[in-house]
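Please see the structure below; I have some questions.
We call the chains A, B, C and D, going by the order they appear; numbering starts again at 1 in every chain.
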Amino acid sequence: MSTITTISGGSVSSSAANDGVGLAERYRSIRTETLNLVAPLTAEDCAVQAMAEASPAKWHLAHSTWFFETFVLAAHDPKYAPFDETYLYLFNSYYNSVGRQYSRPHRGLLTRPSLDEVLDYRRAIDDRVLAFIEGASNDIAKRAASTILIGLNHEQQHQELILTDIKALFWANPLRPAYQVDDSAASAIGSTGSVRWVELDDGLREIGFSGEGFCYDNETPRHRVWLDRFALSDRPVTNGEFIQFIEDGGYARSDLWLSDGWIAVGREGWHSPLYWEKTDGGWENFTLAGMRPVDLTEPVCHVSYFESDAYARWAGARLPTESEWESAADGATEQGALLEGHRFHPAALVDTDRAAISLRRMIGDVWEWTSSAYSAYPGYRTPEGAIGEYNAKFMCNQFVLRGGSCATSGSHVRGTYRNYFSAAARWQFSGLRLARNA
Amino acid sequence: MSTITTISGGSVSSSAANDGVGLAERYRSIRTETLNLVAPLTAEDCAVQAMAEASPAKWHLAHSTWFFETFVLAAHDPKYAPFDETYLYLFNSYYNSVGRQYSRPHRGLLTRPSLDEVLDYRRAIDDRVLAFIEGASNDIAKRAASTILIGLNHEQQHQELILTDIKALFWANPLRPAYQVDDSAASAIGSTGSVRWVELDDGLREIGFSGEGFCYDNETPRHRVWLDRFALSDRPVTNGEFIQFIEDGGYARSDLWLSDGWIAVGREGWHSPLYWEKTDGGWENFTLAGMRPVDLTEPVCHVSYFESDAYARWAGARLPTESEWESAADGATEQGALLEGHRFHPAALVDTDRAAISLRRMIGDVWEWTSSAYSAYPGYRTPEGAIGEYNAKFMCNQFVLRGGSCATSGSHVRGTYRNYFSAAARWQFSGLRLARNA
Amino acid sequence: MSTITTISGGSVSSSAANDGVGLAERYRSIRTETLNLVAPLTAEDCAVQAMAEASPAKWHLAHSTWFFETFVLAAHDPKYAPFDETYLYLFNSYYNSVGRQYSRPHRGLLTRPSLDEVLDYRRAIDDRVLAFIEGASNDIAKRAASTILIGLNHEQQHQELILTDIKALFWANPLRPAYQVDDSAASAIGSTGSVRWVELDDGLREIGFSGEGFCYDNETPRHRVWLDRFALSDRPVTNGEFIQFIEDGGYARSDLWLSDGWIAVGREGWHSPLYWEKTDGGWENFTLAGMRPVDLTEPVCHVSYFESDAYARWAGARLPTESEWESAADGATEQGALLEGHRFHPAALVDTDRAAISLRRMIGDVWEWTSSAYSAYPGYRTPEGAIGEYNAKFMCNQFVLRGGSCATSGSHVRGTYRNYFSAAARWQFSGLRLARNA
Amino acid sequence: MSTITTISGGSVSSSAANDGVGLAERYRSIRTETLNLVAPLTAEDCAVQAMAEASPAKWHLAHSTWFFETFVLAAHDPKYAPFDETYLYLFNSYYNSVGRQYSRPHRGLLTRPSLDEVLDYRRAIDDRVLAFIEGASNDIAKRAASTILIGLNHEQQHQELILTDIKALFWANPLRPAYQVDDSAASAIGSTGSVRWVELDDGLREIGFSGEGFCYDNETPRHRVWLDRFALSDRPVTNGEFIQFIEDGGYARSDLWLSDGWIAVGREGWHSPLYWEKTDGGWENFTLAGMRPVDLTEPVCHVSYFESDAYARWAGARLPTESEWESAADGATEQGALLEGHRFHPAALVDTDRAAISLRRMIGDVWEWTSSAYSAYPGYRTPEGAIGEYNAKFMCNQFVLRGGSCATSGSHVRGTYRNYFSAAARWQFSGLRLARNA
């Protein structure tokens, strides 16, 4: 693997880079959380992918390990020898610069290595990485630290994908298996009040990451944008509101949809968010705790960009740009459900205090579609080497989502974080918040 | 499941129908053999399907059980209650008359029920079927016996499919896992002599099943056909011969191929039989015991109808019709490898006695493509009810193969047996034998 | 074009081969008839193909001319020089042995050469062929004559395709243009009596062409087949009868269909024969004279093999084999509509004399699907050279149709004639006749 | 057609709206230019479409006429009666709000109405529109004027499409027909100097249309954007430069491409711009005057967004945003080839005066890809009624191109004009200009 290239992207505060002890602890903690997430799954569950866009849980376990092997050990550890040459090929996702990749839609065919073998692989690489962190010279450690941090953030992204991909798999099974039991109170007692609008003044704002801590290259550089005066809804759109859209014929009115969205409606047969089913007793939706009645007060989830855009048009509003979203998010405090809560479902949005208006749940619950196509910030520079493939090569035909979801770790997401998916994707925990011109 | 229809097809000798003890024993033995075949597989191996045409081993285990539940217990046992309502849907293959079916290309998504649950299902149905066999009134037993026999033959067909489908799955895996260890002698020492032709006179022959024992409906009725004088090769085409075809540009000469075959060559990129790889050391092929050098003396295997037809044209010969094949098979004795040998690979064809000419290996080693499109025999009547879907509805765009393979049970195959696959199929143990006009 | 190979297939009586005068006359007459057929069409109509399986009329005009240029002039005329090198590529249909071919689904993109230029091409080649026929030495003429006869029969096949392809094109146009005016009496006054069965004894029959005159290689050799006793309907199935099948839910009952047929019904949305439309006033069908009410007494037309097979099953009957059909056709006299009548639609089947039972309309009106897959006759030898590609390479996944249609020339069809199409094809003038075991 | 909705979009200066005489003259002139463009084509040429994304010239002629019939006459003329009811369906492109549309990929099947009938249709509608313009009351005329202006701009868009679509059609034809003769000097004598960079200061700029005259809704509202300091190449990338990219392995280096672009390279087999062919004598390209050697000094043309983006990365630069482009274009004067020149090919870029640096050819020659995804401007409002479908519903998965091409009318394009195509489109006259951070 002579082609392995040193990664040198990201912006990491020097404190983290120097602090081997803190890094090792964080490594252990995040890697363990991944194992917690697959604990409810059988080896069979972990082997299969629901569709070409998803991956088997076992593959996620192996690929996130491959990332550390390739970009930390192979790149920085002079004693490095491959754990298994084949794994370098099987578990490379899309890094052309470090070799060929096993066909993505066929990842679900890899019944070998077994789950046990992949867990052995994880343990072995964990041991080596931890030994490397502890034993590396100050110089090497400094250089490797930023890559390790990327690897841990990468791991957290795959934690979320393990959840979204297993949800898609269980949905394809008529048995509708539950990933876990949900002991939380059956359904919300309160109700969600009508939307209230938070206005923001026009002006020249700064957007993008700055300061201490980790961020991805695509959040940089911090740069100026002019924003006209606008207003943002104080909370995401709820299931109850989305049902009004459905009942008003939202899925049958071409005038509400983008041209490609209208084609998707017909081709895919959409008539509700993903995972919804109309029963005699009303709408139900599939959660990681199984089927249950749709809670009207929860943020609507598993809608595509097309559906979000159509809903906004129907509501006489629009989606926010990512600059508007980020600019407004600064200072918002109330968070929705996050991965740490291990409920993996958006939380009910019940009004408690109608007196004080604030932007609620900018972080957590559901990724919020923005109207911004995913592209490079002004002054953006693609990192050198393989890590340049991490984000930059996907800047085409995707839309930015912001804020994280109930499957995102709170230690992973932040106001400047840019997630991105194609306009028809629905299997992520994606919802929306309205904006309008002021 | 009120739509379940009594099956009343097949031709079964009365002795078998009356003999509950013999039937129970046979039931136990064949059902156990299926379990033996999956013993080397992990739960993960059993969950996945390599392609839409194949099925997961777990599905084969469940479907063959569903067959007994649906057509024996539900149809004949007054005490019947479903083991699990969902299974009736999940494990119905293609019987429209007994309800809807879970989408075939998605069988590999069913990580639940687990392999253990499916094995429980098998045990439970086995208990019930055996109890039914022992406890049924003479009258009911007589009526059910023919269905049980169909179910056992059906089970044996799926035993072969378990092997062919797992071979396809392991081939898709770059690790090239071995299903089993093969301790047999490395490679044949002897060599195969040139083809010798066995001539058969013209005349009016009788074709199709008659007499005692089980047969499928598509082998009936026995009927007359006129055959012109012809000759049949004394043995199947070998790997060594097929390599000559390859080296003579067989895959590059359009004049050797049927029009659809030539299109398949281009579309699929064929340049050798399935499972072959050209290495620096020569041709290797993938077996259920892993990769190994191609043995020149073995019958060539995993070729499509198109390749068989092209080879025959190249060799200045043709494929036999199924009438010619069946007519000639009568009296041939030397058998090739069969499932019982558990080697699951064709046996080397070494000449021992060049003096006596006879038709060798008509049964076993490889299914032999015939030039006959699969269709109804004159006077054929589709059985009433669901069993009418077993064979009759596939009489279109398939070719007949004869003789069984190294993955076919010797107690399952016979001279009149008609297997059928589409002209491009290669993942069965399929080979060919030449014919020519005399 | 050094690869051009002399054609030496077909069976032609020596009288035809020697008789240059008769041949020239026949050449002029058949080539002129082709021009008559395109006379109602505009240059635009002639340029376009309705679907990949069809060709533009202009392409038919050019390709049938290319056939004479390539296989007669280039092969036999020492003075030959290409009319236009590009045409040799553009208008080669599928003869791999005489060079590459322009992509079939893109034939409709060839707006150049223009229709006028193609007509010039026809005239130029006609002049040369006629000069060749007149001027050739006895020896050369004898050798070329059989190819010219094949070319003329080939021309007649394309006459029929011009009609079926233009019908498909006009059907795709919401304006539903009429190819011609039909002045014939509006609708039949009489009615068709119920089916009567003509029984045929069992016995050893001879099938295939013999005697004087032209035939295709696939009609040879004449050979023996054993036929069990059977009965054939005295006439094709009518529109009136087919409507009963529709109204009885024929298109909604999976038990009536072959597995692939049932898939086709769902995929294509079939609910009636091609070119039918249900209006407030009942069923109408599109003819080359435009839309008109379905005539209940006409043979049903534009049904696939799948629909024919399903109808037969519904009717408690089956389709005949091609041997049965051919054996019965011998001696039948009443013909249906043929190309010469220039009405291009099946003729009404009104009972005139119920006393005498005979096989009516074996020739003409509609091609009749048989249950026989298209394959080589016993003893068949593929002709040497390019003409070997004419028929032999299509012997896979097609069914034989017999008897010719209202778009077939009476001088082209005969009892031994084997037409073939895939089981889902509907745009030919194809219908069916029932058979049953006696 | 009761659903026809009044169009009330666009921004038109009141002078144009009031000036019936000027409008009539402009109408005549633009409509006549369209006829000039199809003059070299035969009826066959006009009937066919090269691919689903293109349309037949005849369809363009009819659709642009349908636009006036539907949005001017039907909406504003009290005496309106349809010319032909069917045309309202056949020639509606994508306006869901005014009824169903004939399937786009099948437009090439409409051999009827004939070209002559479509030309009659044009004449009839022209007469009616001109009569309407002259005879309408001041009040009605004022309301209709903006729609007529949209219709004329729409007509000019289709003039360009007639040229790009016929070029694609002729390219599909191995005869490589020439649309016209090009008498211009064979090849440029001069050479293009190296790129020079024009720097622009940072600051708050105003982007979007303002002032008198026509613009599309998507150019509004004029709004502020902040631009960081940047530099723009003084001219488009030339063929000579692009050949260096090719020869440096540009099409074989995955690191230069967006992920979707790299997939497109493989899927489509790209190895040069569209219409290029490598011959023994070097690169040739297909023009509307036939094949000719690639002129190194011309702007490269017929490259996709993916190729433009890859080239820019290879050159160590990037594509400009549309704001950068528009901001810089203000004041640039030298134009490239435009439709009026009737050469329909970019003009050679020879350096005349190296002393003065300026932005050359911002308008004309080739549409320049920008890195901006096509989306709504801040404050954009979708027009009411059918015209809302003109631009807004396509704001997804497209990139903005700026500046017009050699097939764009100079009276149609302007600095604020936003064209948009998907990232893989190559059949437009599309090229690129480099940008970089300053």
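Keep in mind that, in the parts below, a residue touches a chain if its C-beta (ideal position, glycine included) is under 8 Å from a C-beta of that chain, and two chains touch if they have at least 3 such contacts.
The structure presented is a predicted model; accordingly, all values stated were derived computationally and were not measured.
Colleague: So which chains count as neighbours of both subunit A and subunit B?
Modeller: Chains in contact with subunit A as well as subunit B: not a single one.
Colleague: From the centre of subunit B, which other chain's Cα mean sits the farthest off?
Modeller: In terms of C-alpha centroids, the chain at the greatest distance from subunit B is D.
Colleague: Compute the distance, rounded to whole Å, between the mean C-alpha positions of subunit A and subunit C.
Modeller: 60
Colleague: With centres defined as the mean C-alpha position, give me the subunit A-subunit D separation in Å.
Modeller: 38
Colleague: For subunit C versus subunit D, what separation do you get between their C-alpha means, in angstrom?
Modeller: Centre separation, subunit C to subunit D: 47 Å.
Colleague: Looking only at which chains touch which, which shape fits best: line, ring, star, complete or other?
Modeller: Shape of the chain contacts: a ring, since each chain touches exactly two and the loop closes.
Colleague: Run through the chains and report each pair that touches.
Modeller: Every pair of chains meeting the touch criterion: A-B, A-D, B-C, C-D.
Colleague: Spell out the residues on subunit C that touch subunit D in their complex, using ranges where they run on.
Modeller: 42-48, 50, 86, 89-90, 102, 106, 108-115, 169-170, 172-175, 177
Colleague: Within the complex, which stretch of subunit C touches subunit B?
Modeller: 94, 96-97, 204, 223-228, 254-255, 257-262, 305-306, 318, 321, 371-373, 375-376, 378-379, 388-389, 393-397, 423, 437
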